[in-house]
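The structures considered in this document are given below.
In what follows, chain A forms one complex with chain B and a second complex with chain C.
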Partner chain A sequence: MPDWLIKILLTVYTKIPPALRPTLKELFAKSTLRVESMAKRRQIVQGRRVEFLDFEIAHLLPYELLGPGPDEVLVEAECSLISPGTERAVLCGLPGARRSFPYVPGYSTAGKVVKKGGAVKGIEIGDRVTGRIKHASHETAVANKLFKVPSSVTAEEASFIELGIIVLQGIRKAAIRPGERVAIVGQGLIGQLSNRLARLLTPALIVAVAPSRNRERLAMLPGGVDRYLSLQEDPSCVYDIGADVVIEAVGTPQANITAMHCAREGGRVVLLGSSRGLTRDLDMWSAAQKKNLTVIGAHISDMPEKDASPQRWTYEQEGKLFLELLQTGRLKVADLITWRAKPEECNAVYEVLAEGGRDHVGVTFNWTIKE
Partner chain B sequence: MESLRIGIVGAGAIAQRNAKEAAASGAAKIAGVFDLNHKVARDMAKALSAPFFPSYESLLASSDVEAVLLSVPHYLHKSMTIEAASRGKHVLVEKPMANTLDEAREMIACCEKNGVQLTVNYSFRYLPKIQKARQLIQEGAVGDITGIQIIAHQFKDRGYWSGARSNSPDDWRASKEKCGGGFLIMNVCHVIDYLYFVTGLKGARVYSEYATLGSPADVEDIISVSVRLSNGGIGSISASSIMRGADQAEERIWGTKGTIILDGEGLSLYSTRPIDGKRPGKMFRYAKFPNVSWTAEWVKGFTASVRQGTKPDISDREGWDNLAFISAAYQSMEKGRPMEVIPFPEHGMSRA
Partner chain C sequence: MQNHTLELIVEKTSRPLIAAETDPPDYGVARVVRSNGGYIKSSGASHVLTTVTAPRSSIITVPEGECVPVPPSLGEDEALLAVPLAAALSVWDRLQLELGEIAVYTEGNKLADLVGQAAVWRGGCPVIRLDSDPEWAPLNMGERLSIADPEEALRRLQKRVHGKPGFTAVDLSGRPEIIDLLLEAMPRWGRLMLAGRTQKPLTVDFYNNVHRKGALLLCEVFEPVSVFEKREREAYLSTAFRLLEKTEIAEVCSRLVVAHRSS
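Right, the complex of A and B next:
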């Protein structure tokens, strides 16, 4: 749209009474979608999706989208997994995660292909796929960014894809060697997945460090950790761990320091949580420098698109590996789900998440339940 | 259910309204009318096709009278309740229950002793918008209540204080001794009661400032009260009967998940939750409510409690709680410090 037209539209818009603006905005969006639909000869699809309407308010709303473009597929969701840290940060307006509302959350969903564009190869209608898709009943996605789900992997398990990739790239950078001592700081979903993926690398010991014992039961399930330490019970417990490798899976500056305290001299600390928040008075000298620590940043946004190395695989490689681990039964994730919610329950789900998540770890939306 | 045979005591404007609504409720039969102003009482009795009684004693002596509805100046509530209860009559008394907690204690003890029921006319609770607000709060529309605000401002002209619009002009409303107080005990008491009802909370501690700044009275015509609520929330009241040309009547109840605004026409709700199937995060207006006689509902409820031998919806406890709040507010100003609101004595009035 040319600048002069945007200027005119903005001038007109500011003259409209605020109470009428949402309705007019909606009408405008609907009209432009219809124009686009005709111009591109793509049908309009009706769906439902979770929207953050304002701080700490989520709601399931109907919405319209265009059918798939040439290189896209239309996915009918079966199960979507909440990414607790990121979604909570946006919902609550935490530092580093300010977004404007309404905002459509979600990026880890499994479903079925119900329509495909003419240029799509390798994926057929009816195939089960998973990938970076929002919490929505229907969504279009570029076909080659999705993963085909092996037949023995359930939609629920496959919906862990994005979280799995996040953790795999961190674990890879940690380069855990057999016999090493590992500490995982934080026992939310990322922490619990870290427990299990680290376990596959045969360390001598995995210690979970968390504020309370609320998530101990899940952490100690088969494939999880050997020991569980509660910071509430003994804040100084971290100094005795002496881990060769520490995975920080919280996402706060304070947790970064806790992770450093867990490491032995010369140890490695992988910052896996998306650190949000600002802080002062961090004693980096005694926490990191004096101990000669190696601190490794590990965020999904830094994954290479091509030219993978042993320490940095591509998004596609990690995704395939994650599904393979699920397929072969070497990794289990379904028991990490503590709340299987209907999409209609999203308001209550996010209310709990905003308040800290209580004891929940994995929370999914099941899109196959028809109201 | 058999109608309750009620003797109407007092024939002022409110008494006339109460009697009419009680008769129309279908739950009561007007069994007699008494007022010191015999002419007004006779006219009222005639209009209601009920017998006129020349004295309170004669009305109480009538075996046809099961209960009395007292719409008389506040300072008479105690003595007239005690007289009625002593004669085995149930009592419906206008708000406030009494002028002081000592008076209320005596009234409750006497009714308990004589096995009669006592109710106070806080019938605004039966207004559909109030019932709706209570339902919304019970459904979690506002979450945990954190604040309550009452704003009540109007203008009472000089004639009000001398009873110019009354059938029997009298300046009792201007007297602290006879009325117990001013705008708070006379008018805002209703709002305090229905907010107790709507929220399920009570005032725990209050601090107030009040004054008489523009009325020919020795009771307050402006008051501000800060309240610590029973759940730890904070409330405030700003009220006066001397605001010219800009009446205000609005209550706000807010909590961790939303806000309810009550006003003259209805209520508005903002909730972060999808209440009543409505989209969260938006202000919604509830303005269409059925036309209900709150007084008739009050009488119906009381008749049912008498016939079934159960505690009335608005019982001595509700009357006490309201008066305890108001008394604490007045004492706070007089003593210059916050006052605890005295809870209803759970172990009976005679031992309180």
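Right, the complex of A and C next:
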């Protein structure tokens, strides 16, 4: 749309009474979608998706989207996994996560291909796929950004894909060697996935450090940790851990310091959680310099687009590995799901999430349940 | 394995760079008086480098494993230079500085320029010194960036960093405003060593400047005598000896270290 037209429309829009604006906006969006549909000769698909309408308000709403373009597929969702840290941060407007509303959350979904563009190769209608897809019943996605799900992997397990990739790249950077002592600070979903992926590297000991014992049962399941420490019971327990490797998986500024306290002299601290906000009054000398710590940042956006190098695999490589680990049974994730919600329950789900998630770890939306 | 010891006479010593809290020992060149076997005896070395706690001319007994033989071609003064040179080289080794990557270092201690020079010798390009001293003359092949106005310094450093494939930096100052500047300017996958003793609490944006950038942060304190503690001691010091056998390198090191040295 040309700039001059946008300017005119905006001028007109600001003169309309605010109460009428949402209806007009919706009408405008529907009209332009239809024009686009005709121009591109792509069908309009009806779907439902979760939307954050404002701070701490989430609803399931009907929506329309264009069918797939030449290099895209239309995915009918089976299961989507909530990314607790990111989605809570956006929902509550935490620092570093401000988005304008309405906002459509979600980025880890598995489903079935129901339509494909003419240029798509390697994926057929009916194939099960997973990837970076929002919490929606239907969504188009670029085909070569998706992963085909092996037949022995359930949609529920495959919906962990994005969180799995996030944790895999962090564990890779930690370079855990057999026999090392590992501490995982935080026992939310990222922390629990870290427990299990770290376990694959045969450390001598994995210690979970969490504020309370709420998530102890899950953390101690097979493939999890050896010891579980509660900061509520003994805040000074961190000083006795002396871990070779510490994975920070809380995502708060304070947790960065806790992680440093858990490390031995010369240890490595991987910042895997998104600690939005500033770490203030940090005594760098006592916390890190005196102990010769190495602090390693590990965010999914740091992954190279192509060409892997030691400790830095591409998104595609980590995704394929994650599915292979599930397929071969070396990694189990289904038991980390504590709430299998219907999409219609999204309001309640996000209310709990906004309060801190209570005891929940993995929360999924099951899109196959029809009302 | 037998524990060999050496009886030594301390001939020349040098003081450590910092003394606060860690209380590192002095180091020095000592003449071998007696040895009960071992590889230093068989190498025929007449002098060794070691950490010392006794004054000059004292006779000390030291385990062989704590000594590094000094090549006969080097005098006492050159041999002493090996310690700061090895430490300076180890900074960039730990940061894995590659040919053509940006290497930034800061003012902060008397050996700062030796650290910068080591970056030049390792192929850093450009090698930039951040400081507040308008009188300071850049190293040969080095650049200077004033931090008198931190915002302007940040803008200029970011401009210099833009488009370069690799970034390494070492802070030797321990000053919050300089650490902040380096963290802000560091691009994705940057490597930063905090090697200056921090005296004040810091405020660090770990989320944006470490986590999201996939950065590597090495936290320690630059203290030349610590090369004696490193597992790679023998390798670092031997490399330094080989470099110091080149007159032009020995001259540069001598010039950059002279203010620090005391006998």
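Please note the rule applied: the second predicted complex is superposed on the first by the 370 of 371 C-alpha atoms of A that agree within 3 Å, B and C clash if a C-alpha of one lies under 4 Å from a C-alpha of the other, contacts with A are read in each partner's own complex, and residues count from 1 in each chain.
Following the convention adopted for this analysis, a residue touches a chain if its C-beta (ideal position, glycine included) is under 8 Å from a C-beta of that chain, and two chains touch if they have at least 3 such contacts.
A quick note: this is a predicted structure, and the numbers were derived from the prediction, not measured.
Chemist: Is this a clash or a fit when chain B and chain C both end up on chain A?
Modeler: Aligned through their shared chain, the two binders fit side by side on chain A.
Chemist: Between the C-alpha centres of chain B and chain C, what angle is found at the C-alpha centre of chain A, to the nearest 10 degrees?
Modeler: 120
Chemist: Just chain B (first), just chain C (second), both, or neither: which does A:T130 touch?
Modeler: Touch status of A:T130: no partner.
Chemist: Go through the superposed model and pick first if A:N347 touches only chain B, second if only chain C, both, or neither.
Modeler: Only chain B is touched by A:N347; chain C is not.
Chemist: According to the stated criteria, A:T258 is in contact with first (chain B), second (chain C), both, or neither; which is it?
Modeler: In the superposition, A:T258 touches no partner, neither chain B nor chain C.
Chemist: May I ask you to name which of chain B and chain C touches more residues of chain A?
Modeler: Here the partner covering more residues of chain A is C.
Chemist: Once chain A of both complexes is superposed, is A:K291 in touch with chain B (first), chain C (second), both, or neither?
Modeler: second
Chemist: Return first, second, both or neither, reflecting whether A:D302 touches chain B, chain C, both chains, or no partner chain.
Modeler: second
Chemist: After lining up the shared chain so the two structures overlap, which partner does A:Q192 touch, if you call chain B first and chain C second: first, second, both or neither?
Modeler: After superposition on chain A, A:Q192 lies in contact with neither partner.
Chemist: Given the touch rule stated above, what does A:I57 touch, chain B (first), chain C (second), both, or neither?
Modeler: Touch status of A:I57: first partner only.
Chemist: Should A:S80 be classified as contacting the first partner (chain B), the second (chain C), both, or neither?
Modeler: A:S80 sits against neither chain B nor chain C.
Chemist: So if I take every C-alpha atom in chain B and every one in chain C after superposing, what is the smallest distance between them in Å?
Modeler: Checking C-alpha atoms only, chain B sits 30 Å from chain C at its nearest point.
Chemist: Following superposition on chain A, which residues of chain A contact chain B and also contact chain C?
Modeler: Of chain A, no residue contacts chain B in one complex and chain C in the other.
Chemist: Under the touch definition given earlier, write down the residues of chain A that touch chain B in their complex.
Modeler: By the definition above, chain A touches chain B via 53-54, 56-57, 59, 61, 347-348, 351.
Chemist: Would you tell me which residues of chain C are touching chain A in their complex?
Modeler: It comes out as residues 21-22, 179, 188-189, 194, 197-199, 201-208, 210-221.
Chemist: Going by the contact rule at the top, pick out the chain A residues touching chain C in the complex.
Modeler: On the chain A side, the touching residues are 96, 173, 253, 256, 271-285, 288-299, 301-302.
Chemist: Would you mind writing out the residues of chain B in touch with chain A in their complex?
Modeler: 257, 272-274, 279-281
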